[in-house]
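Chain nomenclature is as follows: A, B and C, assigned in order of appearance, with residue numbering initiated at 1 for each chain independently.
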Amino acid sequence: MAPKLPTGWVHSPPTFLLPDAFLPLITKRGVKYGWTTAPARGKPARFNQKTAGLPTLSQSPAAALARKDYTLPLRTGALAIKKGMTALYDPETGIRTPCTVLQLDRVQVVAHKTREKHGYFAVQIGSGWKHSSNVTRPLLGHFTGAGVSPKRYLAEFRVKDESGLPQVGQSIGPEWFLEGQFVDARANSRGMGFAGGMKRWGFKGQPASHGNSKTHRAMGSSGASQGSGSRVHPGKKMPGRMGGEQVTVQNAKVLKVDKEKGLVILNGSIAGPKGCVVKIQDAIMKPWPVVPGAVEGVKEKLEATA
Amino acid sequence: MASLTPTLRPLACWKSILRHTRQQKAATRSLTTFRKPKPFTGPIADQVPTPHVNRKLKVLPPPPSVAALYKEPIKDLTEDQIRVLDPTGARTRLFSKTNTEAAKVGDVLLVRLKNGDPFAGVCINIRRRGIDTGILLRNELTRVGVEMWFKIYSPNVEGVEVVQRRAKRARRARLTYMRKPKHDMGSVQSIVAAYQRTRVGARTSNANDEGKKGGKRKVKGKK
Amino acid sequence: MIQLKTMLNCIDNSGAAVVECAKVLKMKRHAKIGDRIIVVVQKQRNFSESGPGASVSTSAANKVRRGDIRHAVVVRTKKKLQRPDGSVVKFDDNACVLINKAGEPIGTRLNGVVGTELRKMKWSKILSLAPMHL
């Protein structure tokens, strides 16, 4: 095929022949030929917030948010370092309570995630401190833009709506949690390395005796033959890397809060070794805690309306 | 530019030209977004783009850290609790490793409880773990062997007394062999009864007679 | 940890000496002190050899026979049991007390120490019969 000559200047007349009034000013989406009386639809908002008169979708970001509405915490959580375990004695009753000691270190709000921009509400929390020479430039700009020093750990805590977004740069201390409230604590568990079926999944293994030979801790069968399609089904529990995955402890009670030392003491054990990062946030299985400051705000509003 | 029209058409035919432009979006866009080069005005130096300078970002100083001040919160917590639960320091001293007068495995100990009868037995294990320090006592009650762990800092424990010291230092940290019938000490109730009798006698005869009891010492944690 | 087939000492004067656990009631796990179990009497007590107090017991002797199926309450376990204050109690044997369906002890006397957990589990009658509790 012979190369075509550039003929663009020929189909439409040169500009001096075509005054602006004759040309369509905006290219309208969906209106290719002819004309329409319907209002211009324009560009749809991101994450499908308004359905433009269409029926509500059951599977959409908006529907997902509506589903999560009930279980999303009202306020953000915090990042803490696990310092270890000890026990608290009640001098009156003599009851001993085993507990985990967590320490909050320079926890600050670094960024917000909003419905309009990201599709959901969340608070980015930073903790600790990192030397600026160990931080990449884009991240350094992120921290500087937020007005905080570079943080060692960053994590996101989802919240229900924009009222749960504290100001960027606000510090979150242990007093953020109330004594007696319940929190969910999530941390990466200790890595166990490559573990067999007995340790990893609690398989029974094989008997020690009764003619058994050299097979005591094996996995055993991995499934039926013809009945199950002569294959190993996906998700079959097998030996492999154990631990080192996030484990959530729900409804851990806050026994004690020490603002001076930055401590939050939780009842019972939390996953992970000493020094690991623990994410703590209001427990989703319990009623949201009544924060004194929030109560005052409501009171003011009530008084104003009364 | 897929569908091309005949290259030449009369320029005077306005209507067909306009309809055509409306249909040919690409062509329209190319017309509306026609880029006019900026007229050259300034000197040449202004036209050269500024070289990229690696500007230093402002790094904010870290806020003061409370975690750096309190690096061992568990140690602090333990000390705080011991201060409350053992104000005199008697319990700590009785089971400290440095104290030569401390209770050792093999000694017969008597634990006084806040609620319930005192329990006496031979100490076969001492587990030193800060606030969770505990002792394992073994005795025989109604011909049944009984073992009990007591946390020495527990508020339920009113005091621990040394009833009888072992004649020779035990050469094991844990005397679990004393569970075996061959080594079992049996009931220590008679030893404890004798000790309590001397205690009562000493108390009634003379309050200052503490020194006469020899090896038998009393260390009682004050509540 | 009392479960199916566990052999327990019977420490009352109902006439049973050794019983075997046949069922742990109201739970899927093993029984602890204060839990109710069903037992089979395996060995009867020979009262002529049981030492002092035998003459008193003979009157109430042999309320149960070998092979009888009875309810019982666990009063001592070899398994360590932790209390709320962190202390732990462990006995050298597993023992139980026979009771009737209503929960009253069959025997009139107990010989032997029992765990204090019985009070918490509302077995105060057994606790009052016992010579000693821990």
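Keep this in mind: a residue touches a chain if its C-beta (ideal position, glycine included) is under 8 Å from a C-beta of that chain, and two chains touch if they have at least 3 such contacts.
Remember, predicted model here, so these are calculated numbers, not experimental data.
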Chain nearest the global centroid, as defined over all protein CA atoms shown: B
Most distant chain from chain A by Cα centroid: C
Distance from chain B to chain A - Cα centre to Cα centre, in angstrom: 26
Centroid distance [mean C-alpha coordinates] between chain C and chain A, Å: 54
Rounded Å distance between chain B and chain C, as computed from the means of their C-alpha atoms: 41
For chain C, residues that touch 2 or more chains besides their own: 85-86
Shared-contact residues (touching 2 or more other chains) in chain B: 132, 151, 154-156
Per-residue multi-chain contacts in chain A, two or more chains: 87, 89, 93-94, 96
Interfacial residue positions of chain C with respect to chain B in the complex: 76, 80, 85-93, 95, 111-113, 116, 131-132, 134
Chain B residues touching chain A - in the complex, by the definition given at the top: 1, 4-5, 7-9, 11, 17-18, 20-25, 27-32, 34, 57-63, 65-70, 72-74, 76-78, 81, 84-85, 114, 130-132, 151, 153-156
Complex contact set, residues of chain C against chain A: 84-86
For the chain A and chain B complex, residues of the former touching the latter: 4-5, 7-8, 10-13, 15, 17-18, 22-24, 27, 32-33, 81, 83-94, 96, 101, 103-106, 108, 129, 132, 137, 140-141, 143-144, 147-150, 171, 258, 260-263, 265
Residue ranges of chain A touching chain C (in the complex, touch as defined): 87, 89, 93-96
